[in-house]
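Below is one structure, written out as structure tokens, with a few remarks after it.
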Amino acid sequence: MTDHARARIAIVGATGYTGSELVRILTAHPRVEIAAITSRGRAGERFSAIHPAFAGICDQTLVTVDDLPDGLDAILLALPHGASMDFVATQGPDGPPIIDLSGDFRLPDADQYATWYGQEHRARERLAGAVFGLPELFRDRITGARLVANPGCYPTASILALAPLLRRGLVEPTGLVIDAKSGVTGAGATAKATTHFPSLFGDFRAYGLRGHRHTPEIEAALAEVAGHEVQALFTPHLLPVDRGILATCYARPAATRATGLDDATIAAAYAEDHADEPFLRWTAGPPSIKAVRGSNYCDVHATWDDRTGLVIALAAIDNLVKGAAGQAVQNLNLVCGWPETTGLTQGPLNP
Amino acid sequence: MTDHARARIAIVGATGYTGSELVRILTAHPRVEIAAITSRGRAGERFSAIHPAFAGICDQTLVTVDDLPDGLDAILLALPHGASMDFVATQGPDGPPIIDLSGDFRLPDADQYATWYGQEHRARERLAGAVFGLPELFRDRITGARLVANPGCYPTASILALAPLLRRGLVEPTGLVIDAKSGVTGAGATAKATTHFPSLFGDFRAYGLRGHRHTPEIEAALAEVAGHEVQALFTPHLLPVDRGILATCYARPAATRATGLDDATIAAAYAEDHADEPFLRWTAGPPSIKAVRGSNYCDVHATWDDRTGLVIALAAIDNLVKGAAGQAVQNLNLVCGWPETTGLTQGPLNP
Amino acid sequence: MTDHARARIAIVGATGYTGSELVRILTAHPRVEIAAITSRGRAGERFSAIHPAFAGICDQTLVTVDDLPDGLDAILLALPHGASMDFVATQGPDGPPIIDLSGDFRLPDADQYATWYGQEHRARERLAGAVFGLPELFRDRITGARLVANPGCYPTASILALAPLLRRGLVEPTGLVIDAKSGVTGAGATAKATTHFPSLFGDFRAYGLRGHRHTPEIEAALAEVAGHEVQALFTPHLLPVDRGILATCYARPAATRATGLDDATIAAAYAEDHADEPFLRWTAGPPSIKAVRGSNYCDVHATWDDRTGLVIALAAIDNLVKGAAGQAVQNLNLVCGWPETTGLTQGPLNP
Amino acid sequence: MTDHARARIAIVGATGYTGSELVRILTAHPRVEIAAITSRGRAGERFSAIHPAFAGICDQTLVTVDDLPDGLDAILLALPHGASMDFVATQGPDGPPIIDLSGDFRLPDADQYATWYGQEHRARERLAGAVFGLPELFRDRITGARLVANPGCYPTASILALAPLLRRGLVEPTGLVIDAKSGVTGAGATAKATTHFPSLFGDFRAYGLRGHRHTPEIEAALAEVAGHEVQALFTPHLLPVDRGILATCYARPAATRATGLDDATIAAAYAEDHADEPFLRWTAGPPSIKAVRGSNYCDVHATWDDRTGLVIALAAIDNLVKGAAGQAVQNLNLVCGWPETTGLTQGPLNP
């Protein structure tokens, strides 16, 4: 399929949804060989024994992290937070580049980490060098990074919805409201009472009011874009679907804009930021989570309500793809110097 | 079952979901006899031929409005807007009390109606006497009313979420954000491309940005409660479930409150308003649409985010019950002088 | 609401779905007072703390079985199998009548129980006196019974689909195929990996091939109706919905019928058996699980395929109502000598 | 991506689900260039205007069939039945090979077509040369065919479930029962009352009892495999999901097998037939439709129930992929002489 020698990649953590989704994408990636997949609890079993949908696609035997092969070109961490930083702490800075899908290296500050994650950071020495892996905002830093903190699913949608407005000072950086809705895979692969099928079928509700740890991640990234502090109220809801996130964001026009905003100004801002972005699509009306299902797209729309003087900005992603594994592969492509869309051109599964 | 003679009630409009839900509730109502059910297009057929789930429960033959019997004690209108006011225009003011489930008499002003509904009001002479039928706010007016405008589904949830805050001036009456999500029965019983099962299964999206006609209804009712104008940005979303509405509302504390708000103040406000209300429940955490499915409850929760200084208020209802037919029966009970909960004590179908 | 003194009923087992559904139905039952609800693990808590949808409807404090009050008129057991027979073993035969919703007393034979349930029967002395509580077939026995074994959900649908055919010898009693599909509440209220929302959303599959313990229950009841042994292959499937069972059954015409069957003969058989049955409805076409949701109806249809010479018989129920709690209340009504439909007239929640 | 010149393919019919799915697959196919996509009603519009999920993936302008370019290497017909044969009738036998996804050329006999499809066959001269495009059974005929009748979705699953048993005479060819369940995309992209979201959400039912036109297609293909007539009762059901078919099939062991069957014999039969088949997977237990979602796999399992003496055989496919567009591309690969899996290696979207 390709003349290039394939890069040897390891996936650390195989039992969760992000590990499974990495395998789905990487088995079809033309530049990658999955050199190893690890699992602490299920080493020795085949990947397809845990994820039967992958029979015939990935029947590799899982190993422990102790048996990771030498000469890896990159490592993708699909571990719970906490476990990720412990793994990173064992790796020297000269090891292969690491792309971490957990939250452990997303916040710039160890104290802030302790506040929101309820534990001390145990790999502080690597924190300063970690790069927040949202390519549409920080592409230059990612190329050549040794440690990429892959953004959270909610932050990816929220930041991409709001960045063009904040970058240009079109809206006030405080009083932002992010009303976000996620499919249930966002809650992880472990069965819980709250994710029991009969409880969620036909249901919808908010959860984690005020205290969700994606809040500081959103604010930090947007602050970098805006050039000053940003403050957002982030409210997550659980959608009775498997995949997909929709973030509906509300902002006030910048106080300096006496006459508020207008749709042409808004559309021009997004058009400028979306130019040359392979995974951002501006939609004619409100975006739909089904239109991005299984793909790495982020669909975005925004409009100005002159009656109330508020801006509405919406973004839709597949939480497991652009919100996790797809974005990790996008980062991998950047780190490895490959075209950014390599292995990510699969269209949405719609309907 | 009862010593009382039953009141003779007509349901005008049988083919839609609100008509069907009225039948579901009224066939179990101990004070009511369904004297007639009408349909323009399907008169002569049995109700259960259109709604087979009601076989053996309601096999009445539908009639046209011309064949409505004399001596009715009340009429419930389950017609599209436009058709409702035309029906009302044919009825003298001395006819039986009417409870209208459409939007035709919800807005206080005929010009406002023309703006949001895209047609002139054709029963202006009845508009002034129409009462907005949200019992928790306007109970006194409903008792004895001749024409009750049953509130919309979104307005019911939105108003009940925010009223205790606005009534006491705890929050600013402008800049309100209502991010609302509704099950698909809210879009009516007629099949459309946008409600084709494969399009919506696994999907979620916003619609009707900025222009939804429930906006002025919400603002008008809250303005009455607040004592001054209210301005809200209302954004509806389509949930891939059959029934249920969740309204997530955001408000800024009143500028007069130098130190913002606190949860004790908020909880006390709702507790006071909920006292003696049979259908309002304060929930310990975020309310769930499944916890009210099939019932006339409205579950409410609110909290203060001191970090951003915003209040979040949430309300969940079944859009066909408290958002339509159940509330209509609650109004019927008031109009007829019966205990307000008569026929409405059925618990939620959960799970 | 009623002149009668209410009967004092206890529900033993509160945390599962059948316990919750019993409460939903009995709180609206005009002849019943719920005198106690028990829970082994959560005694001391309110019922509505476990099932928040019931706040304001049933806030009773749970007790242990040791604190069951005296003078009960009946006991409903919503316990797992095994626990049920242990409870029954502690009760004298002169205690209040018991309606057991578990499988412990459904099979006529203790050895058969041991085979299919994997444990010895520990209340053998009560087994002979237990009555299989399917009122449509065994009404006379239930009236006055001391111990009623409430049928399983799958058996209720399967037996009611096939009984009219077997009772008249219209079909062969062997080679029967029952292809049954159940909503996920049938799997119980405990979260498991197999009932994790993302696993089941959009999925459908068979399970328990060949070995499901509802098989002997179906065969035993149908054998009584047929007057000789019956043999059926029962294959359950898991539907991605919360409630509902559809059983699609296939049978060969009796060998004695040289010319096979015809739809008139079939329809007449069901019409005769359905006459005077308040909860059986013959449907014009294939029945739908949504048309019975939340109700105690069993909708049935059958037809003859002359091309292949096979009969198809279908039945739809709500597994938690006619398949569990509703049927238990139907049995309670019979045991107590009340009209059989008391408290069970609630219509389906449709849509 | 490839050194080969790409083949120029036209897709005739763009607005339905099979057309959309062909585009999804072919835009990622390394040997294909989509030279034209046609639509009768929407020529002049972009493909992505009709299917917004494909924005940026396929923005081609649709043309009418009159504007099909010359020099096509193959034509894929995604038209309703009737329209397909009319198109074929206009094409000379020396035109590019045609793969027809409708039912028009699946039945070997024009009279049988008239019986089941309710219209005369209008391209009888092409019927004899049409090849039934199920590669696992008829691969040799497909290579080099000029007109391939792509199998129906239900037949694909049903035939692949039963073929290994019938090929070897392990089961009786009559009295077969196929209880099949399909997601709603199988009913097409046009909104109908029966596919209105609120009607199907939480529902499940059979439909088309006895008369489904996939029956003769199943019987004809299995008859070829068995070497004699086959008779099956086929009962379709509508699953409340978007994609996926599960066929649960029941068969009696061949009368010649005095001692019935056993699982080892059954497993060996499937293992032999599955050897070298890239899209058939034998599963350890009952197959799941989610495990094949978005992929071209057909997952199969079968077992023997010694108690009743019946065999159960199950097969799961994605009705739009292996049941339609994926299989069409598999046929295209064969017709064009490419490796059969080209462009079809995408794994399932799970969860």
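Observations, loosely collected:
In this document, chain identifiers A, B, C and D correspond to the written order of the chains, with residue numbering beginning at 1 in each.
Just so it is clear, a contact is a pair of C-beta atoms (placed from the backbone, for glycine too) under 8 Å apart; a residue touches a chain by one contact, two chains touch by 3 or more.
Keep in mind that what you see is a predicted model, and the values were worked out from it rather than measured.
Counting C-beta pairs in contact across A-C and across A-B shows that the higher total falls to A-B. Inter-chain spacing, taken between the CA centroids of chain B and chain C, is 36 Å. Centres computed as Cα averages put chain A at a distance of 47 Å from chain C. Here the spacing of chain A and chain B, counted between their Cα centres, is 39 Å. With touch defined as above, residues shared between interfaces to two or more other chains in chain C number as follows: 17, 185, 198-199, 201-202, 240-243, 288, 290, 293, 351.
Chain contacts in this assembly form a complete graph, since each chain touches every other chain.
Chain contact summary for the complex, chain B toward chain D: residues 17, 183-185, 189-193, 195-202, 240-242. On the chain C side of its complex with chain B, the touching residues are 1, 17, 20, 24, 27-28, 51-57, 185, 201-202, 242-243, 281, 283-284, 288, 290-294, 297, 345-351. Every residue of chain C that touches chain D in the complex is listed here, in rising order: 174-175, 177, 179, 181, 198-199, 201-207, 209-210, 231-233, 235, 237, 239-244, 246, 248, 250, 252, 285-290, 293, 303, 305, 307-310, 312, 314, 316, 351.
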